[in-house]
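Each of the two complexes below includes chain A, the first together with chain B, the second together with chain C.
And now, the complex of A and B:
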């Protein structure tokens, strides 16, 4: 714990460009409401904030991390600071709840891991992260649905019951085919966009409620794109949207490069 | 799954490109990034890894509901041994699914509240 009974929350690490942070990080309220500040060592700058023991101490943290309300608030605050920092230059984001007992701990980490940080910074320098999601949708033009063609091939129904069954079967076929089409499109879109990116990775699709969408998500991808190719990349997203009628694409970003700075020794899936 | 439910409830505008404004980040986008990603530094507070794993599994279920996934035939993360050990366990899975439902409705409420605030 720090002398005044708190902890040092680490947001991320950026290059030796502390000067732009002299005024604090643009007045952004950070985690726990405290103004972010910087610690410089080994020609690296850590963006940190001061948080109290009552809410961020080990026991409190363990409890609070299981509280979705607290977690959402904290994650947004952490992200907001990183977003502001990322606008000024490449930043290696820390995982949520990376806490030190004192500034000396942060300084020590910057020195010990300097090579890792520098390598991570070089990967994301002059590049930005973009998110692309695809949702399975039904095309507006029903004649284009595969199910209609399947129904046509089966010929006319011979009675009301048979007609119902045939209609129902056609609907199910259309629905199944639409999903197969959406899935195939998702794979194509993922690969095609990769041509404009330096790196890419897949996230699991999000649940419809969380994504604020009823349509099933069939692709949730992140791309690291060179700054000079962002226009091309976005144009490719538009183009793919037009060409693939069974998916609807959305683009998010630029993100701090969360998805492309990991060193692979954490507890999470890789 | 009902026929009509493949169509989005509220059609989002298609992304016209970064210059004209991509979609805003939702809570799920942020959580999946800040919890799983970034360089892992051992800070001075060591939150029990088991606790974090439990937390993350819960969020995984919130973020990637298993039923949605099987509906569209995507199971990328089910090949993930880290998650699937628990996900494959039958009775445990039912309990997790129930918890997932509750968490999802809470997240939805939080999202709605933060939209109102913002």
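And now, the complex of A and C:
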């Protein structure tokens, strides 16, 4: 704990460009409402903030991270600061809730891991992270569901039960085929987009209710793309959306390079 | 049907929480040591975010069940 009875929250690390942040990260309220500030050592600058023990101490943190509203608020505050810093230059993000007992701890970490941070900064320099998700969708194609018309309100010849089963079987077959097509498309899309990227990474698909989507997600990928290739990359996403009718693609970004500066202990490629 | 999300300008305004949580909970640099308290030590991603984990396994089951698929 710091002398004030709090903790030092670390957002990320940038190069030795502390001057723009001399007055804090202007206009941005950070995690816990405190103004972000900087700590410089080993020609690196850590962007940090001061948070209180009551909300961010170990026991409180465990409890609060279970609270989705608290988690959402905190994640957005962490992200907002990183986005502002990223506009000025490359920044290596820290995982959410990286807390130090004191400024000395931050300084020590910058010194001890200076080479790692510099390496990470060089990887993400003049590049940005983009997210691509694919949802499995069924093309609007009546021909894909044989029996649907015949079993309509005109009345089936073989009785309602048999017609129902026939229709159901046809639907299940079509569903299985569509799912297989969607997964195959997802694999193709992931590989094709990789040609425009420096690095790529797969996250587990998000559950439909969490993602705010009805359709199942079949691809949740992140790409590190050189700034000069972003236009090409986005055009490739559009092109793939047209070519693969069993998936719908969404593009998000640019993100601070969360997915390409870590220690590889996340979900990773599968 | 899903909404297209192609416009980066619009994207910035409404980043999906779940996309953000993917990144801030599983990405970024992890520092572990006696000078820090970190999410990696708390081991939340596996232990505490039960709601997220449960939902994801639910998805995998749904993917195996064509009735859930439409």
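The criterion applied here is as follows: the second predicted complex is superposed on the first by the 238 of 270 C-alpha atoms of A that agree within 3 Å, B and C clash if a C-alpha of one lies under 4 Å from a C-alpha of the other, contacts with A are read in each partner's own complex, and residues count from 1 in each chain.
Keep this in mind: a contact is a pair of C-beta atoms (placed from the backbone, for glycine too) under 8 Å apart; a residue touches a chain by one contact, two chains touch by 3 or more.
Keep in mind the model is a prediction, meaning the values are calculated, not measured.
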Clash or fit, chain B versus chain C on superposed chain A: clash
Report for A:251: first if it touches chain B alone, second if chain C alone, otherwise both or neither. both
Mind working out whether A:108 is in touch with chain B, chain C, both or neither, as first, second, both or neither? second
Name the contact category of A:88: first (chain B only), second (chain C only), both, or neither. neither
State whether A:69 touches chain B only (first), chain C only (second), both chains, or neither. first
In the superposed arrangement, does A:202 touch chain B (first), chain C (second), both or neither? first
Which holds for A:231: it touches chain B only (first), chain C only (second), both, or neither? first
The intersection of the chain A residues contacting chain B with those contacting chain C is 7, 10, 12-13, 57-58, 61-62, 65-66, 68, 71-72, 75-76, 78-79, 92-102, 105, 109, 113, 116-117, 120, 131, 135-138, 171, 175, 178-179, 203-217, 234, 237-238, 248, 250-255, 258-259, 261-263, 265-267
Chain B contacts chain A in the complex at 1, 3, 5-12, 14-19, 22-41, 43-49, 51-56, 60, 62-65, 68-69, 71-74, 76-77, 80, 82-83, 103-108, 110-111, 114
Under the touch definition given earlier, write down the residues of chain C that touch chain A in their complex. 1-2, 4-6, 8, 11, 15-31, 33, 35-40, 42, 44, 48-49, 51-52, 55-56, 58-59, 62-63, 66-70
Please output the residues of chain A touching chain C within their complex, sorted ascending. 7, 10, 12-13, 57-58, 61-62, 65-66, 68, 71-72, 75-76, 78-79, 92-102, 104-105, 108-109, 113, 116-117, 120, 131, 135-138, 171-172, 175-176, 178-179, 203-217, 220, 222, 234, 237-238, 248, 250-255, 258-263, 265-267
Tell me, which parts of chain A touch chain B in their complex? 7, 10, 12-13, 56-58, 61-62, 65-66, 68-69, 71-72, 75-76, 78-79, 92-102, 105, 109, 113, 116-117, 120, 130-131, 135-138, 171, 175, 178-180, 182-183, 186, 202-218, 230-231, 234-235, 237-238, 241, 248-255, 258-259, 261-263, 265-269
